[in-house]
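When the chains are written out, they are named A, B and C in that same order, and each has its own residue count from 1.
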């Protein structure tokens, strides 16, 4: 278990990279840190590892406070973005390095390295140097080195970002399986939300040193707690349109939509994912009217961008149903899929079993 | 990419102490054998300290007497002028031009010609100065020198009749390697696309050099000139060829200081001249470092797209 | 040249050259090696013949000019070196370069000379001692300066770099002699080692710091997370990673001390302590006819280690510029 209380890190230049973070990560949980570049993900990971000392706040790992414990005594393994494989050691020596530090006898640690390597299908490469390995192999060696020392937690800093798109998918599946097998608490930094959604048990979305939301992938994807998360998550950004609530209805960009229960009257921001929109060729009251500006092929579907008076509205339509550019179209949000934000907080109730945060 | 953000802050408070412990031994050695002598030069230059005699036991502070004496000394002024000739002739003109020419001709060559040429030029640079000095004595010897045998000029005493040209040519031979390598590195950094663009526009070799290459390696040229001038100005290896002779006709400043101070025993006077050398070095070095800095700051915006 | 696979671009080249009337030498060279297909396309366009001929002339002039220049350079640099290659093996070495009457007897004579071997040993002691001192101190200082953010670090480096070029042996010979006299370091190896090391250290620190800065901190951090102590990090990670730098500094220091003449010349009176550089000088300046057999053989022997080291370093790591010169 990893716990943070009021964790703050201010760099000498005055940059507040972490700003009062509170968090609990359960044993065996796969936890993803997601956020735009510069939001403090790496800093948080390095602070958990002990490579940075927090300005204030505390860290617990496995029930003991480690805030001032040096990195080597925290019993965590970290995989750096550039893997940090020692270029002058072969694969065996790299994997066995943590054991060498613990003074495990040479024969034992080499046996353990070989065993770990075979588990990660690296057996053929044991006597190679990192420079003679492909990116994917290097990544696996780095994982093996982390696995070999049986730590209480894994800390991964964008371990997949140096791989090409295809390899990344493979490595992702592999990583998830490995983590399930080992059941070691894992903190995984990424700026690729697809990765976070696919891998994590829970996700923390970060912005400017704070968590904007912590929740399961489903929660974060379907019910982003604020407009930042809403805009950040999803392969196509969510439509976020200003409007007003009143008289038992929502008025948004020319459309009149049913008012969800519990939404007070006043100005709101209405959000709906392009995936949850349907296009109608005929006018409707509960639809956003517009002209088709762009149609982008996504492979199995099309992303249609409508130009309404003031806004751009996007909808994903299935293969074969795409309109041609320049025609008029009406985008209808599916019932129950719209989200209502007020003062940048989600106010519409969950259709299913209640709110999360 | 996180490594580009620079070194991380030290994670424990104990770090600065460790830092000092690591740096201190080096600093002590530098302090005693580099900084202190430099400062002492200043003091000694104000005394009439001598190697032997009355003043050796009890040197007196004589103020600026050494400096006024130096300025009035025919031999010092002559030595200064010879030094200027030496630096301009062998470094600024000789080494820099020859080094650039070799680098330019060899710039996109591969194979044995390039390797042999570079190897020979480098060899002249890395051989110990005592060896090199004797090689040149052998080359220029009056009776049996290779040069006389080659030119069929038996009995031409190059080192006696033309001491300055001899040591200037010697120093060109000795030091061209640095310029060649520096310009070689600089030329390989000129983007080929720039040269190709110029060629497409019909520029001649000279025009390419003037319009594309020179602007691009301006910083390197200046760096090179400053460094080789500084080194040549302080070079002592000609002492082993002519020892300043005959009659001081090749007595450049370093040799002059040795002859006056350590041979002649006038330590205070020698220190005063040394201090002048230090000042000139300082000017060159500060200019060089300023150049380095401005190029570093120049380079930063270029690196970011 | 890849241009030849793109006829259209070459065509454009020719067109413009025709107008500008100037061709660079290597352009001319590549024209000379033009592929048939390119020739074909250019003919299709009916390019004027005279331009081609003047190009060919220019090409020839450029090639000849370059060859002459290179031959002159080769001659100039090889000439003084020839004697070093022939005389040591000559049964009757003269000062003139001549085809040697091959013998190895000169080396035997050298072995019999008491000063020659002692001086080589002295050179070895002084160079080795300085190299060890410089490498150790420079590596420690550079590591600390590269990794920790101490206030005034940049200023310190700036001053160091300044000092290294300002306070030369030439400028400081009087106080260095004085200092050594008062510290009792005259006629000791230690005196030469300390004096030379002090002069070499600033640049060595600078070069080392370049190497240290070039190795990502993530290696050390990774080792730290696995629990390695500072000493272990230094031994397991940092030193192996900067080994090229250490080797460079060591070779550079050895070569510098091996070749340096002024400091040992000033600081050592006793010929039993003098390094090869000084002994060689006394061999040919001290009265009468110089022993050419000894001088030539000793010169060769004395040069070999430096040359071998440079070849080794450039083979292994390639020549690099340091101290901000490379950039």
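Following the convention adopted for this analysis, a residue touches a chain if its C-beta (ideal position, glycine included) is under 8 Å from a C-beta of that chain, and two chains touch if they have at least 3 such contacts.
The shown structure was predicted, so the numbers you read here are calculated from the model rather than taken from an experiment.
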- Among the chains in this structure, which pair is joined by the largest number of C-beta pairs in contact? B-C
- Averaging the CA atoms per chain, pick out the one whose centre lands closest to the mean of every protein CA shown. C
- Outermost chain relative to subunit C, judged by CA means, is A
- Query: So how far apart, in whole Å, are subunit A and subunit C when each is placed at the average of its C-alpha atoms?
  - Reply: 52
- Distance from the mean Cα position of subunit B to that of subunit A, given in whole angstrom: 58
- Message: From the mean C-alpha coordinate of subunit B to that of subunit C, what's the distance rounded to whole Å?
- Response: 14
- Of all residues in subunit C, which are in touch with two or more distinct other chains? 149, 216, 218, 221
- Note on the structure: Shared-interface residues of subunit A (touching two or more other chains) are 12, 46, 50-51, 70-71, 81-82
- Message: I need the residues of subunit B touching at least two other chains; which ones are they?
- Response: 2-3, 8-9
- Within their complex, state which residues of subunit B touch subunit C. 2-3, 7-10, 15-16, 18-23, 25-27, 29-30, 32-38, 40-41, 44, 98, 101-102, 105, 108, 113, 116-117, 120-124, 126-139, 141, 143-147, 149-150, 173, 181-182, 185, 199-205, 207-208, 223, 227, 230, 234-237, 239-240, 253-254, 257-258, 261-262, 267, 270-271, 274-275, 277-278, 281-282, 284-286, 288-289, 292, 295-296, 299
- Footprint of subunit B on subunit C - complex, ascending: 12-13, 16-17, 19-27, 66, 69-70, 73-74, 76-84, 87, 94-97, 133, 137-138, 140-141, 143-150, 158, 160-179, 194-195, 197-199, 201-202, 205, 216-218, 221, 230, 255, 258-262, 266, 276-278, 280-281, 284, 295, 299, 302-303, 306-307, 310, 319, 321, 324-327
- Note on the structure: subunit C partner, complex, touching residues on subunit A are 12, 46, 49-51, 70-74, 76-78, 80-82, 84, 86-88, 97-98, 100-102, 149, 155
- Item | subunit C residues within the subunit A interface of the complex | 149, 216, 218-219, 221-229, 232, 236-237, 240-241, 243
